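The two complexes that follow have chain A in common; it is paired with chain B in the first and with chain C in the second.
Up next, the complex of A and B:
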């Protein structure tokens, strides 16, 4: 992300998660830029090894939840206090705050509702996931038991190929940008 | 880095590789349905149709076709509603609470348990809808502007809290389930040969490609959803219990209801998970993934929550006596020794007595015994709700209006219909969805797979 220049990409296929993880660390230490890894399952520590930033989805979820809480507070205030106050079991209806204990369940549920749903929509949006989208992985084996790494090619191609072979790559191919 | 103590038993049996997991879990989706599946599906479908007929009869004629009378004006409908909601709770507990506690054994069972949650909450939701009588007015439970009448919905009412709780629970469970399903649908998409199948799974998998950043977000979203679903699941059955606890009926008006209902919900839900998974692992040959270890863990949960429920029953009796309120005392005396004594003692036997067998390691690792107990527990939990609801109201303050409840064929038919509908959904799911969260399972293969653990024990940790 954020790279404006278009270098060719070298793709290397691996068959073990530990090998991929150490390969990413090795390549990064040697100044290569690992732009993507496609894997069949989450590899613990891979995001750090690739230098990915922490995701902000959980922070977003907090604010989505807050939105839900405010919405529920407004809704209960508007319907029960402002628009049509009624005497229900003698519960105080002059001020929202006094009637609030009755509204706690709904406030809680709407907090969760907003946080969960809006976070999932955000997750789909930032990942580009939608019904019928084209498969993002270039090699179908990466949802089974293979791992595909993409490295930006800067400089000597043969040196990179040799490096990848030494690190345990099974197949290497080059994609022109 | 993939080391796990040898004290812990392996969770994935046999000499499995990542690819073996893929093949084993894709197999039921890609192969023809076994004969047992067709038999089960046909039975469930007939039950479902019978239920549809009875529901249409109820809607067309009115709820007078049920066995309700002036005194017992709430019976099987709410019993079935609470029973189904309760069953749903185990799914969320397994996928959310056990995720927060980092219990690896959840990974083989969470997908099916969540499916069970969603399908049973659908059954539960049917009952309030049917009981409305005029189901086409169902949208009146939503807080909509009041040109439809002159009033807003009442936010002081636990019945409205229930609307919010159940709908939040159903939709949040569904997205939680679906977020986890996407990578597994992508796995099936990438190996599908049949073009129709490939197209369907392409639609379902949303284009998932397993990029590093996406997995990072996936794990974060799963964690936050688990954190949201945990208080949510507790709130749902708490609010269901408020339907009774906020009333002034002796036998319902008790502060112990929320924790007692939640424990009961987990208890019955785990029993239903056992029933379903014992069948699934057998029919689809998943014994290597859902093994004795998983079944034993679930039996321990059943034993613990069953005992909590037992303590709650006894506490209720004690508090009724200690309160000094004679109506409260009579409500409980009548439950245990009145005309519904058989329901009360069935409940006690099934829910408090039967799970105590699980203290024996031999019994809790016996599959046939586990299956029998899982059915017994679900019968017991149905009786629990029936006892709470019907015995508390069938003898009210006015002895001249005391009565009994007997269900009509319509009451029974709708209940049977929901069981059929549940199994129709579950059986369709089991044939078309990856029944085990294979992407998650692959992450624990190297630490909890039998072959890898053996290798560690022989060669030491690296």
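Up next, the complex of A and C:
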């Protein structure tokens, strides 16, 4: 995601998440640019080790939730107070605020609904996941029990290959940009 | 290894002593000024009483009036109506005056006397209006005058009793609040073992020390509630003499029906069982943890897992029953089925606030170097999550009662709304809105500054929550925040610091043979 594709890419396959994590740290400490890691499951601390920017999804979620809250307030106001005032249990139906406690469940649910759904769709949109999208993982084994790391090749290819072998890579291949 | 410095020791002892002195001074002043209060509240007492008289009167009149209205309708409307209405009215007013309202005012229990007033006023709102339309205002005033003069003394005495309850209630509120700080972490400590939690292994010693802080509040709570049984104060309505004896002047049918559970013997047994069970768990968890330092960590961990499992089951029951006994029974007529969880949630979240403060204090001393941002973040998450959980339970209890609007339930909130509006809304915002705004975002939970701020909000908010739970039923509108309230807070805060820090100083802060201590050190999220 997001890396410039000017340089050729070296792909290294690993079979252990701890090894991948320490390899990423080692490579970055030695000035290499690890552009992507494919993993069957989330590895704790990997995003930090790769130096990825922190996601803004949580900020978005806050505003999605706020949207849901306002929508629910408007919805309950319009349906229960303005358009068709209903007397339920003798509760005041002339003012939204006086009847607010009975709308809290609706407000809560729609806040969650908006936050969850819009967050999910935002995630899909940002990652280019849509029905029929092509799988991006270069090796199907990364959906099972292997981990694949992409490193940009800048300079000596043999040095990088040796480094990767030392770090525990099982297979190494080179992709021209 | 943490060292309990002389300075901290002096601070803790100083707080305790100053708090105790303040409470005693407040207690003495409360006694001498309560006569003044009698006079000062004269006007007030009459006013409240007149309300009740008027309301009850309207209620009775309503029925009579409705009947009369029906009869009159058949024939000539106006004459018949006025006459019938008038007669019924006088009779009705006398009845009410003689029995209902008067009986309520001999009662020392502000919450429930008030409740009765609200109940009658609530039911008769419509009646009053209809009534006024027919020109009976003069009547209302007559009844009001006669009534007010007679029962005036009873009400003044009632206010006097409320005033006398205040130092005891204030001490009780602080005791319950500080009990929660220890009890929440005792439960959390048990949970760590049965959930086989790894992340928290480096924090267990803090939790163990904090769990020991339950002992002193428990002693004070037991003392106060047993003094109630000896009629030293009048905090608990059901403890009054003759409450279950038919024909006795204090007889209360509703409370007599609850006698199977709320009787002195069973109450004392239950309180002793709570103290025994909780203190046993705190001591066992600590003992095995200390044994593991010099012995087999895995074996001791397994033992603690058993203790944790037994305690969790025990606490599942006693957290609810203790909340009924110690808090809900103050408003004896009222009941709420989720009161136990609501109380537990409040205790749990305030205990996390205390743990955060203690952990950050230890870190500021350069200790607990294995506790990193991730652990602090998790404690912050727990505090945040349980703030929301507390709000969820608070609202669940509130909305059902608000929606159903049954007089016997809704009086609980009407009294808080009428007399406790400021603490009621302050504590709601401190316990829900402030934590949400302050520590919702991830970075905020990793910065000590915002966490400390949120923890202080939560602690103040939950003190006020307990205040609003207990005070309305014991002192009614005679509440305030003075020496008697401040004293117990300082007293228990001093003892909390002393017990907490001296227990931390007794053992290494690292639970070094805990089977998951390595996992805890590498914890990352």
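Everything that follows uses one rule, which is that the second predicted complex is superposed on the first by the 168 of 177 C-alpha atoms of A that agree within 3 Å, B and C clash if a C-alpha of one lies under 4 Å from a C-alpha of the other, contacts with A are read in each partner's own complex, and residues count from 1 in each chain.
Please note the rule applied: a residue touches a chain if its C-beta (ideal position, glycine included) is under 8 Å from a C-beta of that chain, and two chains touch if they have at least 3 such contacts.
Bear in mind the structure is a predicted one, so any value in this text is a computation, not a measurement.
Applying the stated contact rule after C-alpha superposition, one finds that A:22 touches neither chain B nor chain C. By the document's definition of touching, both partners, chain B and chain C, reach A:102.
Of the two partner chains, chain B is the only one touched by A:133; chain C is not.
Put simply, more of the residues of chain A are touched by B, taking chain B and chain C as the two choices. In the superposition on chain A, A:90 makes contact with chain C only, while chain B stays out of contact range. Of the two partner chains placed around the shared chain by superposition, neither chain B nor chain C is touched by A:67.
The interface of chain A with chain B overlaps its interface with chain C at residues 44, 58, 89, 91, 102, 105. Those residues of chain A that touch chain B in the shared complex are 17-18, 36-44, 46-47, 50, 52, 55, 57-58, 61, 65, 75-76, 79-80, 83-84, 86, 88-89, 91, 99, 102-103, 105-106, 108-110, 112-113, 115-117, 119-120, 123-124, 126-137, 140-145. By the touch criterion stated above, chain A contacts chain C in their complex at residues 44-45, 58-59, 62, 89-91, 101-102, 104-105. Only residues 395, 398-399, 402-405, 440-442, 524-525 of chain C touch chain A when the two sit together in their complex. The part of chain B that touches chain A in the complex is made up of residues 1-2, 17-19, 22, 143, 146, 150-158, 160-161, 164-165, 168, 171-172, 175-176, 179, 182-183, 186-187, 189-191, 202-221, 223-225, 228-229, 231-232, 235, 239, 242, 439-440, 442-443, 446.
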